[in-house]
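Once you've had a glance at the structure underneath, I'll fire off some questions.
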Amino acid sequence: MKRLHKVLGGLGMAAAALATSAALAQDPIRIGFVGELSGPQAALGQDQYDALMLLVEQGGGKLGGYPVEILREDSQLKPEVAVQVTQKLIEKEKVSMITGLTFTPTAVAASKVAIANKTFVIGSNGSSNNMAGEGCSPYVFIVSWQPVPHVAVLAKYANEQGYKRISLMAPNYVTGKSFLSIFKEHFKGKIADEFYTPMSQQDFSSEILQIAASKPDAVFVFYPGGLGINFVRQYRQAGLGDKIPLMAHGSLDGTNLPALGDAALGFITGSIWAPDMDNAANRQFVEQFEKKYHRIPTMMAAQGYDAGQLIASAIAKVKGNVNDKEAFHAALKAADFPSVRGKFRFGNNQFPIQDFHVIKIVRDAKGRVNQTVIATPLKDAVDPFAAQCSMQ
Amino acid sequence: MSLSLVILQLMNGLQFGVLLFLLSAGLTLVLGIMNFVNLMHGSLFMLGAYFSAAVLGATGSFAQAIAAGVLGTLAVGLILERLVFRKLYARDHMYQVLATIGLILFFNEAVRVIWGSGSISTAVPEFLRGAVAIFGLPYPVYRFAIIVAGLLVGLGLYLLIHRTRVGILIRAGASNAAMIAALGINIRLLNTAVIGLGAALAGLAGLMAAPISSVQSGMGEPILIMTLVVIVTGGIGSVRGAFYGALIVGLVDTTGRVFLPVLLRSFMEPLKAQTLGAAVASVLIYLVMAAVLALKPQGLFPVRHG
Amino acid sequence: MVNNTYYPSARSVVSVVLLLGFLLVPFVAGMTGEGYYITFTTRVMIMALAASGLNIALGYGGMISLGHALYLGIGAYAAGICAFHGIHNGWAQLAIGLAAGGAVACVIGPICLRTSGMAFIMITLAFAQMLYFLIVTLDDYGGDDGLSLTARSTLPGLDVNNSTVFYYIAFAALMLTLFFTARMMNARFGRLIQGCKSNHRRMVTLGFATLRYRLAAYVLSALVCVVAGFLLANLVRFASPSYLTWMVSGELMVMVILGGMGTVMGPVVGAVVILLIEEIFSNVSLGLPGNLDSLVNNHWTAILGVFIVIATMSVKRGIYGSLPAGGRKP
Amino acid sequence: MNTILDVCGLVKNFRGIVATDNASIGIRDGELHALIGPNGAGKSTLVNQISGEIRPDAGSILFQGHDVTQWPAWRRAQEGLVRSYQITSVFNEFTALDNVMLAVQARSGRNFASWRNVSHDPALTAPAMDALELVGLEGEACVQVSEMAHGARRQLELAMAIALQPKLMLLDEPLAGMSQAESESMTALLQRLKGKISILLIEHDMQAVFALADRVTVLVAGRPVATGTPDEIRTSKEVQDAYLGEPEDMI
């Protein structure tokens, strides 16, 4: 049985090699998209996918001048499913690269499979500290952001605004605690309160009351998705909206603004991008996205679009021969593409080195609740884990 | 921890308890009378929120939103009773759990198909906006409204159960359903009425919770688990048990989250106290339930089954 | 006396076809060069193993546990935490997992068995929720983000990283469990457990001290789920709180009951059907008209939900359970 | 003539209703003692207390000299104090043979054995078949109980009791719902068992009671009003007023 297996296997390889060299032009480059497309957090994965497809449509079904085929898979926020669909894309669908990856657990699981199969990953959101540190791999490029500078930007802003006492709040799980500890590291003033709420808690009025009682100069919180909406709305309803400035991560991103509406006006968040950033690529991206999808693009969409542009630039550099791994790796690392964020380059751990801005929620020209950049305290920020990565 | 803060926290606990009572009252009757485990009760809570949010968004009138929330879930409840539940009353709990899990999966996706994956917004009605100062601290007017409305509905339910003919039937059904069927009461109609009542109350709870929480797919399940804790702790089939159970769980959950960390801080450094406090608080109500069941397997206010 | 010549029944045909199918998948996948199906089928067998474990308590013992994902989580995190602390030997990890799972089952088992009906369902759910919240707050083990295993646990003499070898490890674990369940349920212990499910009051007045035996069945079913959790963590090289959510407990119940509880092969059939529905409707494009295709792919869980509702109402004793059984000629 | 069971001063009330009112009853070794009384006299409640399923409020139960009042039901059954039910309580999913084998297993133990198929274990199948033959059900050994006739299920209940090798059997209306032929064969069977196993028989079929009973106790409103031989009971004044009505109805 084994011998027959080997012969068939050998035949298969020969056929594949023949195919790629001869029909380079006709065969579309197959790209696998893996992300959370079902369940409560599906909006985030959908934004990454929609932005990528927008770019492909603008290129008439081509990226970097070569036809591409995007194969989409839902990892359902389950690591075992992420492993399964990634292996299916690589082995069954024969994709040459994986992009997308929304949440950390599925991103880590999927990247492991890709690295084991020597397939490139261009992650447009999910990543982990290990992937930026010792676990860095030449096959993994992340175009989103690393938590440390993402939080530090708001701490720096708080210092510049002269806030002396700040109250902190976050859900009682790993990401929540690490966000608050990063903030405490970079903030020079005193911590008035520090609350951790159980994961399942939807009602924060008790904690908000205690914050009102201790009257801090400002408040910093981290509440993702639905929890963020709850918190911001309850903060506004408690009448603190215009008394104590609120800085929030995860709560004020694009996907939540439609649901929050006016409740979010005046609040602050930090990000690598905002819809009103003044560069040609961004203006064209925002305009096209709103025309096609009738909604304001979010940071997830911007990252999805940049991942697409990175892939396109690399394909153009290697003239479509993505199977030449060294050349394609160099092309990706060069990051020679007009990022919607303006400046973009890769650090040694293939995580971005980029500016971090302070964003305020305002009413834009068209009367919609939108984000605008008000300051850029952190320029060309390198994440602290880059040093632990052995790559150059 | 000033006294005024303590009182305000207790009011938050009361508000959450009242919301839980609206959900538990219907579910405990359904379980007590028809011995029917309806895990999709949380989905009715979600539908109430979605219906009212959608109508409020379209028409802007809070009255129409209330009508949509309550009547919408009532309709869904009656249709499901006709199509699915009626066939399962005689079946074992396992099959009821299974069918209602299937319905949870279905409704969580159905709302996403209709209203999209993100959460939708619904604002607090004009006349209930803003906060009122109590003991110098701001307390949202809207939460007052929830407490008052919830207690009024609770009183109405109490009168219905204890002062009307239908109430007698419901209580008799809770203690011995077979007997009242034998007495010639149209048991089928009673079942439908109880399911309808439960669905309407869940819808009301949903629409009241909508403005203060995010209306999104899957919002029903966390509060469903809390509701199940309430009815099992209070005593299955007893509305009185549901009322006291809801208040106990509401208060324990809210005050646990607030006072536990403060308590721990006295003999532990702040950060550890905070994280440990939050961790224990999240499992507190389960510990309470396990303790009650270990001591009184029938719950605190059991219905005497004939 | 009693002779038991089986006449070939639908059930035995289905069982043989299924088990042969599992045996041949690696060869078929190897030939067609689609290693993907090895991973998929391994996951199916691991979930079938967990469902067979639950079947011992639920199907045979009548204990409606809505919290067995708790033990799946214990198995997975035993592997994860041991690997985190440098213990990579598979048997050591499994031993620690079984010890932990057994201890937890022995502690909460007696409390659960004091209750019955709805209270039992709720208390098992509550304990699973407690462990879920505990794991989510454990910072050093990755909390909500989960814990990745640097490498698969080593089993001396077996190249675990080869997906086909790992496939047959999972296959062997499933076969052993099915074989022992079949033997046990016809032996004294199994008869006693099934008697308790059929008429517990009568068993007491026959003179059985039923608690210790029902507890033993509960602990045994927990241990099988621990093994399944250990294998799942190694298949995915990741231990995540998502294994512990109550919907996973619900999924296991669906597999056991829709497959055919109280039968040996029922849970396996249930696992295959449920996971095939997930595979077919979530990722494969069926070429349906218009955008119905993407609608189905995006919202496949709605189809699964409807299937569960219809199957629960129509198929009285489960897909496999309703097939005519092989019988013993009197 | 020592007594196998001594019930003294048993009291049990349910929220105000006195179900057992200071009841005392003694059953001699090997005796078939009948317990009769109008519906609602508390016969079943008394048996439930003797079998251990209900805890009495006061009084004590001595079985073979041991005070078993606090013992759980399963321990009393282990000691040979066995009962059958007024409403048939058997294992519907199993065959008749499996039902009786469970009873045999209850006596022989080794309940954790998980390898050997019970149907290949003569230590279980032989005694079980004997018990089935005793009650005349050997022909329906492999029939599933849910498909058996009501009378046959009552016989199965008795077979299970016998298979437990009891010292004292509490039979709660074994003849209820049986055809004439079946109750005659059951009465013949009980006749054969007399002397080997002591029996407390609750029954409404007066013909069977007076044919079988060594002694009869009449229970009215939770209290034994008279105990004696069948003849004494038939003629005693108190019994007639309380229960039997005019003498000629009875014959």
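Of note:
Order of writing sets the chain letters: A, B, C and D. Residues in each chain are counted from 1.
In the analysis below, a residue touches a chain if its C-beta (ideal position, glycine included) is under 8 Å from a C-beta of that chain, and two chains touch if they have at least 3 such contacts.
Since this is a predicted model, take the numbers as computed values, not measurements.
In terms of Cα centroid distance from the overall Cα mean, chain C ranks first.
Among the pairs A-C and B-C, the greater number of C-beta contacts is found at B-C. Note on chain placement: the centre of chain A and the centre of chain B lie 37 Å apart, centres being C-alpha means. Computed centre separation for the pair chain B/chain D is 49 angstrom, with centres defined by C-alpha atoms. For this pair, chain B with chain C, the centres built from the Cα atoms lie 32 Å apart. Along chain C, residues 133, 137, 298-299, 301 each make contact with two or more other chains. Among the residues of chain A, those touching two or more other chains are numbered 38, 42, 172, 177, 198-200. Across the assembly, chain B contributes 109, 112, 275, 278-279, 282 as residues in contact with two or more other chains. Across the whole structure, chains are in contact as follows: A-B, A-C, B-C, C-D.
Within the complex formed with chain C, the chain B residues making contact are 31, 37, 84, 87-88, 93-95, 97-99, 101-110, 112-113, 221, 225, 228-229, 232, 236, 275, 278-279, 282-283, 286-287, 289-290, 293-294, 297, 299. Against chain D, in their complex, chain C makes its touches with residues 1-2, 4, 180, 183-184, 186-192, 194-195, 198-199, 201-210, 213, 216, 328, 330.
Taken in their complex, chain C has these residues touching chain B: 58, 64, 66, 111, 114-119, 121-123, 125-127, 129-130, 133-134, 137, 246-247, 250, 253-254, 257-258, 261, 295, 298-299, 301-302, 304-309, 312-313. The touching residues of chain D, counted against chain C in their complex, run 51, 53, 72-75, 77-78, 82-83, 85, 89-94, 97-98, 101-103, 105-107, 110-119, 121, 124-125, 141-142, 160, 164. Taken in their complex, chain B has these residues touching chain A: 2, 5, 8-9, 12, 16, 109, 112, 116-121, 123-124, 129-131, 137-140, 142-143, 211-219, 222-223, 254, 257-258, 261, 270-271, 274-275, 277-279, 281-282.
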